[in-house]
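Should a chain be cited, it is by its letter among A, B, C, D and E, assigned in written order, with residues numbered from 1 in that chain.
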Amino acid sequence: MAKRPTPTEFIVERDKDRCIACQVCVRMCSNDVHIYDADTNTVTSDNSKCVGCHFCETLCPTDAITIKKNESSFKPNANWSVSVISDITKQAETGGVILTGMGCDKPYTIYWDHILLNASQVTNPSIDPLREPMELRRYIGRKPDKIELDYNKKGKIELKTMLEKQLKLEVPIMFSAMSYGSVSLNTCISLAKASHELGIFYNTGEGGLHKSLYKYGKNTIIQIASGRFGVHPEYLRTGAAIEIKIGQGAKPGIGGHLPGEKVSKEVSEARMIPEGTDAISPAPHHDIYSIEDLRQLIHALKEATDYEKPVGVKIAAVHNVVPIASGVARAGADYIAIDGMRGGTGAAPKVIRDNVGIPIEFAIAAVDARLREEGIRTKVSLIAAGGFRSSGDVIKAIALGADAVYIATSALIALGCSQCQKCYTGKCNWGIATQDPYLTKRLNPEIGVQRLKNLIRAWSLEIKDMLGGMGINSIDSLCGNRTHLRGIGLSDRELEILGIKSAGEPQ
Amino acid sequence: MKTLKTEYLIIGNSASGAACIEGIRKIDKTGSITVISDENTFNYSRPLISYFLAGKVKKEEMPFRDKKFYSKNNVKLILGNMAKKLDTKKRIVCLSHGEKNIFNKLLIAIGGSPIIPEIKGSWLDGVFAFTTFGDVVAIKDYIKNHTVKRAIVIGGGLIGLKAVEALIELGIKVSIVELADRILSTTFDTKASEIIQDALRKTGCNIFSNNTVVEILGKDNNKKVKSVTLKTRKQVPADLVITAIGVSPNIQLVKNTSISINKGILVDETMQTNVKDIYAAGDVCEKNIPIWPNAFKQGRIAGENMAGGNAVYTGGIAMNSVELCGIPTISIGKTSLEQDKYKILEMHKKEELIYKKIVLENNHIVGCIFVGNIERAGIYTGLIINRVDISNVKDTLLEEDFGILALPEKYRKHLVGDVGLEV
Amino acid sequence: MRHSEQEKLISGCSVAGIMNESGRKISGEAIIRSIAVMRERSNGLGGGFSAYGIYPKFKNYFAFHMMYDDKKAMADAEGYLKTNYRVVKSEEIPTIEDKSIKNRPLLWRYFVELKDKVKNLYYDLTEEDIVVNDVMKINAEIEGAFVTSSGKNMGIFKGIGYPEDIGRYYKLEEYRAYIWIAHGRFPTNSVGWWGGAHPFGLLNWSVVHNGEISSYGINKRYLENFGYRCSLFTDTEVILYLFDLLVRKHKLPFDIVCKIIDAPLWEEIDRNGDDEERELLKTLRIIYSSALINGPFSIIISDGNIMMGLNDRVKLRPLVSLKDGDTVYMATEECAIREVCKSKKEIYYSKSSEPIIGKLKN
Amino acid sequence: MKRIRIDEKYCMGCRLCEVHCIVQHSKTKNILKTYMGECSKPAPRIFVEEKGYVTFALQCRHCEDAPCLDACMTGAMYRDKETGAVLCSEDKCVGCWMCIMVCPFGVISRSSDKKIASKCDLCMGEDMPVCVKNCPNEALKYEDSKD
Amino acid sequence: MNRNISKLQRIDARDLNYRELNRLIKDAANEGIKNIHLTNVNGQRYIGTGVNNAPKININGVPGNDLGAFMDGCSINVSGNGEDGIGNTMNSGRIVINGSAGDILGYSMRGGEIFVKGNVGYRVGIHMKSYKNMYPVIIIGGCARDFLGEYMAGGLLIVLGLNRKSKNPIVGSYCGTGMHGGKIFIRGNVEPWQLGKEVRVYEPNKNKDDFSLIEKYLRQYCELFSLDFDSIIKTNFTKLLPGSSRPYGKLYAY
């Protein structure tokens, strides 16, 4: 069917006075936007192909390129926006589902921006984290309610409690699941090595474990999802923890397809599937149709690993997340990771991404509250995920009740991602969401590791600053401490669910 | 009568001699070195003489190593003095001025002498060889002092052509007399030769191929050159005749010593002669390909070995790089073989005067010619020298973007994997 | 202790049922053992049993099993009961002393019959309708009171704990019934509320459920059309009310009800070569589209005559059964049956939407 | 002694090294003037090769045993005492192309006016060669060599 | 070396919960015992999971769910029926069920064999996948219910339909739905309505490779259950293959 034109999303502005026709842009654009004409020694562009990743802009040695949003469009219409019309047009042509990448970009309220942090004045000193101790270490894992002690013959106290395996985090931030396949190996290596050096963890997603990543096993959370890709005894043994992925914030309730063309030789080895075949992750785990089935899988994994590794469960933040999380805790999970609707993805139907689920702010607040009410919050660790943009978001999530947070999108942005949302095309110019060897090498893990470490370092410093301001010198004292949060511009109902007071209300 | 004692004695001060100094000093920083040269300049680059003739290079630019070279390397330099006699047993070299030099290690690097054809009239004024700086200074003087409008160059090889080019540069009309059916017949194949011939002809140069000069005729009391008679009986007027038909090893010094010779001095792969501690390098050696890089390399290897090292000369290949009439050319190895066992790859862009040819033997490159476009030719040299199996890249050898990347990974890593070259 | 409205509590579970089709009674010991084998499937936050044929002396009276949070609730509920019913016997439900059983409510049972004046007042309603209304009213409006069961010659015994502990607590080994249905619960949260345990009962109905009903929202609103009040915060109660509505009120046979709540896929209906049957199935789906139960479930339901096991349309939950002579066993896992049935007979693996029925002879 | 290390794995093939090399060796060292103003821009002294998805930028390796040094008949090619770099003295080079002939990397080329040999000079005078400084993916590194 | 190798260990599973039972099995296996005999098993889960040294485990009774989950190399023989989730994400080894088995057998199985003498339930062989020399094989003597081989990505599924009553279909609906790899062979015919959209029907017998593939595993199967291979193989098989290795390639707009 003939393709009907829709307005191009971006315009490549090229300053003729500055373009030296060096063709860096021509060579670097995986979308073939830039075209060199040897006869006239000029470079022109095909705007319709531009995805707005800004890679060319970044590399242009004379700053001759500016990528601009195309303001020209159909007649302005609040209901029938350009993107709505474009999507309909595409669907009318193809009969297909509209795909997108990365997290939801709809202007729903970002509650983090409606929560304010506290600081000490007069009655309680603030702490200078540069000179005084400031602890960010957290342990993730199942904990007993009380310690069991015994006295030996000499009357000396002996520890009877055998603490279950815990994940030690030097900073309460981890890298969320991104599978090798959806992202490049260099991305995985960057995440793995950075985690190793930072004393935190990264998550394999459902990508299996590439042989070059085994050495980071102690900093790896291996994921088991519905497709069970790459799950074999060695994989189970290697990770520091096992995470059963039930859902993902960006696409709760649906599975995923890694198209065959992304299943390169290396990806195929990590996932243990033949090269070039689709890797299809069903929507549910077919051995989990009910909560007791989840318990069954949790214990099967514990049995398979001799109860030596924490087994966590990742769920998407959905309306019923509260009882679900409670059930997951009761099913024996050592931690629960909750992924909010702004969480990223390599590919998701746009309609799902933008319309399903709830923001992490509500989810984490409500779940923490309920688990406390039920007296099981101390047993299980909570990890919040889904669109954390800054240390501010992180510290607010922890104050709302998370033990730690998972970040992924911000980690990818640190690696270069510019949120063009075209991950599903496999043409990521930044070498992140692609398996094309011409593109993957653009992410040099040495640089990647450094950038990730810098990011976490910067956030840690900021978190320490904020903690210091609140007069707290251990993150332990902030976790679930909502007295340090106040809402602004929120309804009573929203404040109630978040469990925080309004700005202006004293303790 | 002075008697000098030296650890290292080097006879000859051209490429091999200088390289030998560098070779020795690489290992032995202090051992005494003496260099003897029959020329009066302390060193100069022999291939530069054509540039000097053309006026492109000044006299002071002739040296390839600066004045400090000898002092820095603590070398005693004896110029304008010739080694007359060599006693291999006593290890003494007698010089023409009478000094005796006792050495521990000796390098003979006295090069070759021009082959002067036995032509009637070759003693006339205005007939020159084209080998040494002295030759060129003489030619220059001659041109300065006489009216030279036409010149004949006997020999259409590389040296001859360099002379031709210099003369053209000076506004002299040149004719070339070449025994073979074309110029550059030993370095080039027909196509490449033709490109250069065409270019030369365009500048007004006559080329007499399949021809020789049988007599040089004189004027002014039969003192000065007037014309030449060719084999074909043709008379060609000339105010200047340059003979450039090659050099032969200077073996005068070693004749009647225990050093084995044939046409040149015989050396082993360490550049040592059959007499222990006596080495030879450069054009004086047997079967040497008389080109600068080979002479230099041999000299350095000899030097290293003289100082106790264990360098090995794996053999040089014929290669020449020359720019003629503004056309850069490079030829390496076997280039004009047309037998069945060779596979020939060719690329010829007539208009652009670009010609490339690669000769393959059993999946190895054994020779190539580049005319007009010589960029990255060294890569092929490397492939020839290192005998790299190129069967996997055979089809791409002549492609525009052929480069290191196209080469077998092992070779590529070998070259690039580390900083610098470890061949 | 009840949770806010609109929230359905989700639980995974184990179910088991034993029925003697000849009406021969069996001690509660068997069902306790059967459900206990599947301990892994529950988490100590709910267990319960329904038993049919346990009150032969009072078989003509409605047996109200009640749970009270406190004496006040008890007084309120009894006051309400006494306005409409004549109570022939009221007593505390006997239990053992067991400290491990937590948050025990007051547990009472009443054998009652409707007062004539009430029957006359609601002359257009059946006795059952009136009972249903009263059960709904007590459950929804009397703070702290809950009707556990309200049928005749049957009763539901449930609470917070592992099912076998709950069974022993109620001394069920001392009861004899021809139908036993049991449930081990794995709620996704702890509601320290005994009423939340299965089985759920209304009139003679009792149901145990394993799964989650995704269609709960519309099932609930559909039932509210017909005066049911879903006040138990569980998706399971809609099953109960749907059966009550469709069987008792709409007078539909069991197998037709199954075709409503477990309607065949349109694809299957379209494929059906029998024109009449196809038309019937189509009409059922059109009329009762809101009564379709979606999501994973396996249930065991009984009205005292029939014990039926049923799975959802794509069989997302396990259910197996075995018939040995006139005894029918049903359970989530085979081991629960093998634990109490020594017969070597083959187990029957339920199909999706396939009712497994034990039926009382005569 | 510092040398440029090539990390082939991370060369994107953007050729920014080439652009910056050209600018660095131009008269003005101004990118716009070099490309749009100066009548002839210098030839790049870095060679970006590309085959399939593999690319890398190669420049003079400043070999320890440099064939170009041996081959240079004018002594134009010399080793800088301080840095050990192999440099070409523009005054002395006569354009005989011997160096081009013997360099196995093919990284010496004729200058844009075709008169003299042009090769990587490690951007003498800069802290870091501009190709390294401007490599967006650190595929080129300026590091101490092993020896 | 190890004197335990030939030793048989008997474990009475009565009144043991699964963790206790599995601990005993693992300990025995770790000691190098190659034959473990379990009696009075009733509902204990995860037997064979996380067990090293690949012993033979003989089970009397009804093993619970997830029998042989994530199993690597053990050989399990069940005298009667199995329950749900047998061979979940199994890596290698063999499970033999002498009776029938429940739902979700062989989910995401990557290697080894599961041989069931009787019938199996729903969703058997979902997402089986082969990889290099790992090739999962399931042979079902009786019939299978709906969603057999859903999302199948590799390996071999054979349904024999032995002792089948004519009214019972050999496989249920949606057989091979979402299939994108592997092979299913069904002894007899299947109707189009029984099949998922993504499978195509072929006639296998003309293809020598198919016969030798079936024969390779079916002979072992027949030997195990004392069945006559020749009479079983006589009946025509239906071969199901995925229509495409990219079943959902056209699902999305550009």
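Operating definition for what follows: contacts are C-beta pairs under 8 Å (C-beta built on N, C-alpha and C of every residue); 3 or more make two chains touch, one makes a residue touch a chain.
Because the structure is a prediction, the values reported are computed rather than measured.
Where touching is counted per the definition, the chains common to subunit A and subunit C are E. Between the contact lists of subunit B and subunit C, the overlap is empty.
Excluding subunit A leaves the other chains in the touching groups B, D | C, E. Set against the Cα centre of subunit D, the chain with the most distant centre is C.
By count of C-beta pairs in contact, B-D exceeds the other of the chain pairs B-D and C-E. If each chain is reduced to the centroid of its CA atoms, subunit A and subunit E end up 37 Å from each other.
Distance between chain centres (mean CA atoms), subunit A to subunit B: 69 Å. Taking the mean of the C-alpha atoms as each chain's centre, subunit A and subunit D sit 43 Å apart. Subunit A has residues 296, 299 in contact with two or more other chains.
Counting partner chains per residue, subunit E shows two or more touched chains at residues 18, 45, 65, 84. Residue numbers of subunit D whose C-beta contacts span two or more other chains: none are found. Looking at which chains touch one another, you get A-C, A-D, A-E, B-D, C-E. Looking at the complex, you find that subunit D touches subunit A at residues 7, 9-16, 18-20, 31-32, 34-36, 52-53, 134, 136-139. Note for the complex: subunit D touches subunit B at residues 3-6, 8, 47, 49-51, 54-56, 58, 61-67, 70-75, 91-92, 94-106, 108-110, 114, 143, 145-146.
By the touch criterion given at the top, residues 7, 9-14, 40-43, 45, 186-190, 210-212, 296, 316-317 of subunit C touch subunit A in their complex.
By the touch rule above, subunit A contacts subunit E in their complex via residues 87, 90-91, 93-99, 224, 226-228, 231-233, 236, 257, 259-260, 268, 272-274, 276-278, 280, 282, 286-287, 296-297, 299-301, 303-306, 424. Residues 37-40, 267-268, 271, 314-315, 318, 320, 333-336, 338-339, 346-347, 349, 351-352 of subunit C touch subunit E in their complex.
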